[in-house]
Each structure stands twice: as structure tokens, then as C-alpha cells.
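Should a chain be cited, it is by its letter among A, B, C and D, assigned in written order, with residues numbered from 1 in that chain.
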Amino acid sequence: MDRIDLSVDLGPLSLKNPVMTASGTCGYGIEFKDYYDLNKLGAIVIKGLTLKPCSGNLNPRIAETTGGLLNSIGLENPGIESFIKNYIGVLRDFKIPVIVNISGHAVEDFARLADKLAPYSEISALEVNVSCPNLAGGGMAFGTDSELVYRVTKKVKENYPGSVIVKLSPNVTDIVEIARAAESAGADVLSLINTLLGMAIDVEKQKPVLGNIFGGLSGPAIKPVALRMVYQVAQQVEIPIIGMGGIMSGKDALEFILAGASAVAVGTANLVDPLAGQKVLREIHDYLIKHNIERIGELKGKAL
Amino acid sequence: MDRIDLSVDLGPLSLKNPVMTASGTCGYGIEFKDYYDLNKLGAIVIKGLTLKPCSGNLNPRIAETTGGLLNSIGLENPGIESFIKNYIGVLRDFKIPVIVNISGHAVEDFARLADKLAPYSEISALEVNVSCPNLAGGGMAFGTDSELVYRVTKKVKENYPGSVIVKLSPNVTDIVEIARAAESAGADVLSLINTLLGMAIDVEKQKPVLGNIFGGLSGPAIKPVALRMVYQVAQQVEIPIIGMGGIMSGKDALEFILAGASAVAVGTANLVDPLAGQKVLREIHDYLIKHNIERIGELKGKAL
Amino acid sequence: MKNFSDIIREVGVIMAIVKNSKQLGNGYYRLDLADSIIARKGIPGQFLHIKISSDNVYDPLLRRPFSIYDINRDKGIVTIVYRVVGRGTQILKEVDRGNHLDVLGPLGRGFSTDWKNKFLILIGGGMGLAPLYFLAKKLVTSNRVLVLAGGNSEEDLAFFNESYGLLDLNLLNATLDGSTGYKGNVIELFEEQLSYYNPDYIFGCGPRGMLKRLKEITEEHNLMGEISLEERMGCGYGVCLSCVCNTEKGNQRVCKEGPVFNINEVIFDGQD
Amino acid sequence: MKNFSDIIREVGVIMAIVKNSKQLGNGYYRLDLADSIIARKGIPGQFLHIKISSDNVYDPLLRRPFSIYDINRDKGIVTIVYRVVGRGTQILKEVDRGNHLDVLGPLGRGFSTDWKNKFLILIGGGMGLAPLYFLAKKLVTSNRVLVLAGGNSEEDLAFFNESYGLLDLNLLNATLDGSTGYKGNVIELFEEQLSYYNPDYIFGCGPRGMLKRLKEITEEHNLMGEISLEERMGCGYGVCLSCVCNTEKGNQRVCKEGPVFNINEVIFDGQD
């Protein structure tokens, strides 16, 4: 990609370009082999890991809505032990930063996950998913309480020597307050947003479509909300932001960067089109050429 | 509409059918004359009124997003005095309940609006819009604080002898807490949801599309979130709910009713198609016939 | 699908049949719609609000407004001319003859046309020439008409030069690149013409900046006239207040009180 | 638009040309796509994941999965047969010959076809007969094949009776209304047939309830075979875990480890 400088700094991480994959929408990166070389992207974020193996939620696990996707996969994953045994090796083949997304149901879960992943240099950073229910605390998601976000972030930082990205839930009254909590606990980077809590009802069966009743809404439908949150948070924190939520095109990605994001992640778009990440990257590149912009960094936060 | 009973009770109000218009998407009802007789619907909710005349926000005031609409009209309206002088007469011609939506920037504003509208029997109920910023309280919307929602509701109830509907903002961590606050302050009915806060950026101009930067997201994109909130609130409050957010078809309306709404309001769909309300009503009717259901009431909350 | 009974009773929302859809060159497209009601009722300056997505598909969500370019009342055909600028028009250009389009219209307040034996100047910039064509056609039967057509280049104006060329009027071009006619913008050309002519009334349509300048000039010269404005539209029929513009009477809806306004009334402030 | 270079390099995401799209009667539709890569690579039981909306339009958002009904390798044509059940298929049926469709495929694990001189029974319910057709076509060349076709009525089966009728196999119908063949469901017919025949291997495709019963019977009779499952799919290529089913090996992805599974492996629990 000739004279254009697409590289971005994500706190301690340096990416050769700003396009990442979003957790849960690219598996462990291996299925892309048939389509394109994921190493073209800036980084990949693999799917959410929990301490114990988890078989996920009942089917149906997805429902299509207008411009959106409801999912209640339920964090199906082999658990940390099996991950370390069976997948770390595969990840070694990537030439770009690999970020591992971790989830828990108690503050201690996050600490243990961080501790177990600490030895592996194959991993460039942890992304802490605080959107799951806090079982000890009555089931509200960690991410809706700034005090809990602070504690989870702090614990992970204490147990993990590398970079820590905190991924915020959008289902909150004041996203800035939560972002500040993560920052003050030492988060290196913020990811926003995770999915909006939603549901769909099957009018023929007269019951919820999803086996789990509620699901997370993603896709272009949520882009305006995601963009607003990135815009708000970018004005109030110093640490870099990975913007995501409905990015389908280079134009969408650029909106996030103009709103203050340093990098972007492509999620649902991967499901619709395995080539989405590459397409987003190419369209960003084309935009820079067209507008005579030499470094992507010049655009960061320009609409603020 | 033959043997099918479409009537619904909305607390103190009785509607001949569950389909209403949503505030701000049907003006004062008069523009529909050219298209169909609005008296076919269950009720109409006219656009938001404030104490003083308000000329609204800068253009552009709308932006289209995937399956959604961002608006920042900014409550343009002639103010309560001019409304009473020039519009109350027009509303007298409606044979269905006319609900007036009121907004304010201080608790006292709501009280005064309620007081001024109290004498007019042309109005069947007030809908209290708590989504505007509370200027005295630092600019966060009233609707994001259960204490403020309680106080606004209480004040309006004290000053208005008729039915009071409280319309909730979805931009909150816990919608049930806010709904309970309104209920305990004496709200007769709840409307949910108002718009989600969002934004869009023009990548050519490299600045926000809307003159006001942020806008409210409505339309089918937000339906999953709206439906989830109705579903959650319906399980926790006793008072009836008017469901809205992205209703485009009878099927959409039925999802809200199955989730626990007593009635539904059609908003953005009116902009896309002036016949939307009538279409939603007809499709509900057709569904009941097809499924051999005699009373719409049988469906209320069936998916809970 | 709309119920047939709705279509008959509620004129205004119409499933119009595409009679012809073609590229005119230089990014311009022409769409002929067969609908006797619109063809009977439409007047110059009014617009159609066209649904781009098919039934039950909500992306793109909103309708798109287009001015009436021409009407053949006998054949019951109404024509729009448009440029592909974004997603909606991109999709619109793919419609095929025989397809149905959900059209709301004719909407808004049009130009005044009851003029007799007057000298009228029509000033159009770019796509602003589209609604002025239908107006010119009405006016030429009993008035002397001068049309000033502004564009980037000769190519840009080719289609309009051809169509206006068939009407009994005078036509002058202004192009930014000077490839035909006056070199400069159409407002400069208008100012120049005002040293020769004194029109009874003027009509303008084009970008906001052009109309703003036009108003300054008409005020300077004490001229009267009408201009057609563009604003982003939600509904197109007056219920949402998306499309307001500032006027001497306060905010007015471009879709309802406009798009045509008295040039003296409009206040050009705020954003460009 | 996809870049042409992508299309060539990354097989799997393909802009296929619609060769033919037609209604077969009784709500069935047939779509022929010209694409030499899919036609060369596709095997029975695999599916195509078709994007319904056009470029940059995100409603409907997801692709729709359809089994390969047939392939003409020489002509480079792959065919699907489908029923209109919702919005996606409603839109799909409007595509015209010559249009391009964005197709991902062929995807998933297909049926085993390397059988010789065996007696094979294929049991299909409704649309389940679509993928079995391509399978039957492969199998009949060197095996004895019995097809049991279940549907609501004679009409429902008319298309498949005609197409399967041209192959060298035995075909029996089961209809719920008894309008042709056995009166009852196709599983009852299968059970009845098992009192005459002892197949070497069976293949099944149809609604979940039918496959669940089929598994019970094959277990009872100690039969081996394969079934093709349906689940809602997000991606279709294994990254999202939307489509899992429970098996002896734990959760498996219908789009990747399936849609065809060993019948002994699948565990039918939970929701129907």
C-alpha cells in the first residue's frame, strides 16, 4: 500500500494499520484461510475465553433484525486450559498482534484468566469483556457499574504484564463514567462498543426467538450509538480507543476514526462477508489517496 | 372491523384499538387529512410542547442510518400559549383521544405545563417526555435519573387532573428502576421507548452530520432494544405500557403486545409512509382473523 | 404490498409504473413514471417523494425527494431528472421499465405560473435547472422568457441545453470552466444581464450559496421573484419538521410551505 | 462492488450470474447460477450462502443458506430449489436472469458418495428432497437406490416426483393427506419398508422432528447413515458459532462439520 502511512499506535501496541477483527466474529482466525490472509489486517481479536469450558446457550442463537443481528452465543469456548493446549500453537503463525478476549462471572475469574495467559508471548494483549453478568452481584453486567469495571481492570493489570484493553458495554446511562473508571484502574486501551441488549419475538410461536430470550444487538443498526459513545469518550480519556459497532465499509471505519478512535474492529460484517476486513482496509486506503492524506493519524478525532 | 375486538384499556383511557401515533411524527394530526382519516386509530399523540416557543435546532436536523433515523429537531413548537390559542380548537375535531406530549428543562416547567393544560377537556391525557436535558442538574436528561423521574411525575400528577403517561428514555443502565420510579409517583401509563442517543459523521466534510452533533435514533434499527425494555418493564410494573420503537408493520406491533404492551405507537414509520398507522392496524386485524383470536387483549404479554 | 383500495382512495401514495429509466450522460438520469393522478395534479416546482427500497425492506429507510421535471398530461406521464449522488440514487437508477415505485406526491407549493405578457428570467444552477424546465414550458406560452443556465462545463449543461432548446425562449449558459457561454457562475451572468434587461419577475433554483447571492442581487435591484429550496426531508408532507428554513414569518417547512418561497421572505443564515 | 481481483483470487466469495429463475408451482422456485468454480467444487449435501441484499444495503443483513440441488459441471451451472418462507426468499424470487448474486460456497461437509453396489435408501421430507436429488444422481450410477419422498400432498411432491422420476431409482411417496402414495409421514413409510428391505446405508434430510424419529428407527434397526441438519446461520463458514448442534463429540458447527452428520453422532435434545 504505497506511500500512505496506515500505521497506528494503540498505547503500547503498534499496528501496521487500524483494521482489526472483533471478538467472536472471527473464531481463532483460522477459518479465514480459505478467503484471504488475515495478516493483512492490523490485529486480530479472538473469541471470548472463560476459565471453564462453556457450551453456550440454547438454539436459536441468532436472529436477524433490521440492519442488525441479535446473538446469544453464550460464550461457547473450550475453556482456558484447552485453549492453551490446542490453540496457542496455531496463533503463533500469525504475523500480526493477536489479542485474547477474556470473560468471567466474578472478579476473581478475570484475575485467574490473566494470570494463566501471562506467560504466553504469542499473545500481544488481553481484551477484557465486562459485558457478562456478575453472578455474585445479582446478575447485572460488570460493565454497567464503574466500581466493578475499576476492580476488574485493576485485577487484570495486576496479573498480566502486557497490554490490557477494556471492552465497554453500551448498556449504560453514562459511558464516560465507565470509561474513566477503566482508565484510572490502568487500562491501556478501551474497546467500544460491545452489543446492545435486545430481543425479538416470533409472532407465529408467540414467544421469544432466541433460546436465551435476550441477545446482543450488533451490526449497522447500532452504528449511530457506537459512534456517539466513541465521540463522547474520546473527549474525556487520554488512552486510545478501538471503535466498533456496525462497521461494514471503509466509510464507516473512518467515521469512528474521525470521532476519535485510533483503530477499528470489524465484527458482524465478517459474518456477512469473509472479505469484510480486507474491504474496509482497502476503502480506507482509497479514501486517503483520494483526499491526499498521507497518514491515517491525521484523521484521528478530527470531527471532535 | 367485524367481530374482532381490538379495544384496549390504557389505565383510565379506553381505546377502540391499540394503534396510536408517536409524538413528533404526526404534527398535530392535521396533515394526514390528505391520506386517511386518523380517527381510525386508537389515539394520537401530538408533538412535544414546551412552555416558551422554541425554534428548534440548526439544520441538518436528520440523518438516515441503516434502518434508522437520527433526528435533532430540538422540540420546535409554538409554545403553550400559542398552542392553546391556535391548536386546541383543531383538536376538538378528533373523535379519538388526543394526547399532548410535554417537555421541559426544569421540574417546574412540567408542573406549569400540566397546570395550563388542566382545563382543556379536548385533551385526554398528557404524555411526559423526560428525555430532555435537565438544565439545572448539569444537562443530563431527567429520564436517566429515577429520582428526577419520580419528582417530575409527581409534579405533573399534582397539577393535572387527568391521565398522565410517562415516556421513558432508553439511554439508561436499568430501565426497570426508572419505570418503577414513575409508577410509584403515580403515573397512569408508561410509554417506551423514546429515541436512543446517537450520531453520524460526514466523512467528506469530516464533521458531524447533524447541526446539533447528537440526535435521537428511531426506526426499525432500535426495535430489538425497545422490545427488550418493554419485556423487562412489563414484568415489573402493574400499569399499562404503550410500546414503540421501530414499528413498521402489524407484525412489529404484535411483538410489542406479546412482550407486554397494551397499546403501540407508530413513529418513524409515519414519515416513511403516511398510511403506516392504518397499515399496522389492518395487519393486526388480519393476524387476529388468521389465528382465530377474538380479542387483542388475549395476546398481551403472552411471550412473557 | 399496498392494498388496491388504499391506492384508489388515498391519492398521494401511489404505486407508479416505471415507463422508462435511462442514463442521459454525464451522470444525469431520467425517469418516466406513469401515473394519471400525479400527471393531472402536479405543477412546476412541486416534488415527488420516492421510496427507494422495496416493501418491508428498511434500508434505505427514507424516501427521496425529486422535483417534477416535466409532465405529459395526455399520456399521464411525469418525469424526473436526477443525478446519482449516494446510495438512494444509486439504487434508483437500477429500476427497470415495468417496475412499480411507491411515490408520494405531488407535494409542496409550486411556482406561480399565472403570468401574462411579462419578461421573466429563470436562473438555474446545476440540478436546479430540472424544476425550471417544467416552469419554463408553462411560462413561454404567454411570456417572454430568458433562462440562465449555470454549470461546471459544457458537458454538464448538455442535457438541459438540448431540452430547453426546444422551447420558445432565450437561453444563456454560464460555465465555471468557460467551455461554453459566460465564464463564471450563473449569478455573475445574471448581474451582467441586469445591465441590459429589467425583468418583471425572476425564478431561481440551485445550490444554497447561489440562492443566497441571488437574493442579495434581487434586493439590490428591487426585483421580485421566487426560489426553490432544498433541505433534508424526513416525511415530505409536513409532520416531522426536519426540513425547516428560516423566513420572515419564522421557520417554514420546505416540504409544505415550500419548496418554492418568495425570495424576499427567505432568510439565509446559519449553515451554508 | 467487489474488486475483480478479489473474485479471482479468493474463490469462495463469488459474483455468480443468474442464468434462470423460475417458479415451479406450489410455492417452489428454482434458481440456476452460472459459476464454474462452484460447479466444479460442489458436492451433494453442500450448500451455498447467498447474499440477498445488494451492495451497501444492509437489510436483510445476513446471507441465506440453500442446499445444492443439482450441478451441471459441463455448463458450469449450479441449481438450488427453494420455497418462499420469509423476507429473504421473497426478495430472492425477484432476481432476474443476468443479475449478479454474491454467493459464498460451496460450503460445509457433504454426503459420502463413494458407494458401490449397495442398496441405499434416501429419506426426504419436503424441502429435504432438494439436496437428496443431487446425491441420488451421483449414487444411481453404481448402486440400487430407493427414495422415500414425504410431503403434505401430491401437489407438494409434484416437482420432486418429476425430477427424481428421470433417474434410475425407485421412488415411493408418503403424503399426510394421502393424495398420493402412502398415507402418513415418510418415517412411517420408511419403517414399513424396513420390513421388506435391509439397506446398507441410509441418507436423510428434512425437518428436525422427522430426523429425530429417523435416528430412533436406525438405532432400533442397527442401521448406519447420514443426515443433513438445518440451523440458523450467521456466517456459514465457521466463525460465529450460531449454528451448533449437539453431538457425541460435543457441539459441532452445522455449517462446517455439517450440515451432513453421521446419524449416530447427532444428539437430538433441547428445543425442537
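Just so we're on the same page, a contact is a pair of C-beta atoms (placed from the backbone, for glycine too) under 8 Å apart; a residue touches a chain by one contact, two chains touch by 3 or more.
Given the structure is predicted, the values throughout are model-derived calculations rather than measurements.
Counting hops only between chains that touch, chain A reaches chain B in a minimum of 1. Ranking every chain by how far its Cα centroid lies from the centroid of chain B, the top place goes to D. With centres defined as mean CA coordinates, chain C is found 35 Å away from chain B.
The geometric centre of chain C is 53 Å away from that of chain D, both derived from CA atoms. For this pair, chain B with chain D, the centres built from the Cα atoms lie 46 Å apart. Touching two or more other chains at once are residues 65-68, 219-220 of chain B. Residue positions 56, 58-60 of chain D each touch two or more of the other chains. Of all residues in chain A, those touching chain B in their complex are 65-68, 70, 140, 144, 171-174, 196-201, 203, 206-208, 213-215, 217, 219-225, 227-228, 231, 246, 251, 254-255, 258-259, 287, 299, 302-303. Interface of chain C with chain A (complex): residues 58-59. Remark: chain A residues 24-27, 31-32, 34-36, 47, 55-56, 58-69, 71, 73, 76, 211, 219-220, 248-249, 268, 270-275, 278, 282 touch chain D in the complex. For chain C in complex with chain D, the touching residues are 53-54, 56-60, 87, 90-91, 94.
Residue ranges of chain A in contact with chain C, taken from their complex: 66-67, 220.
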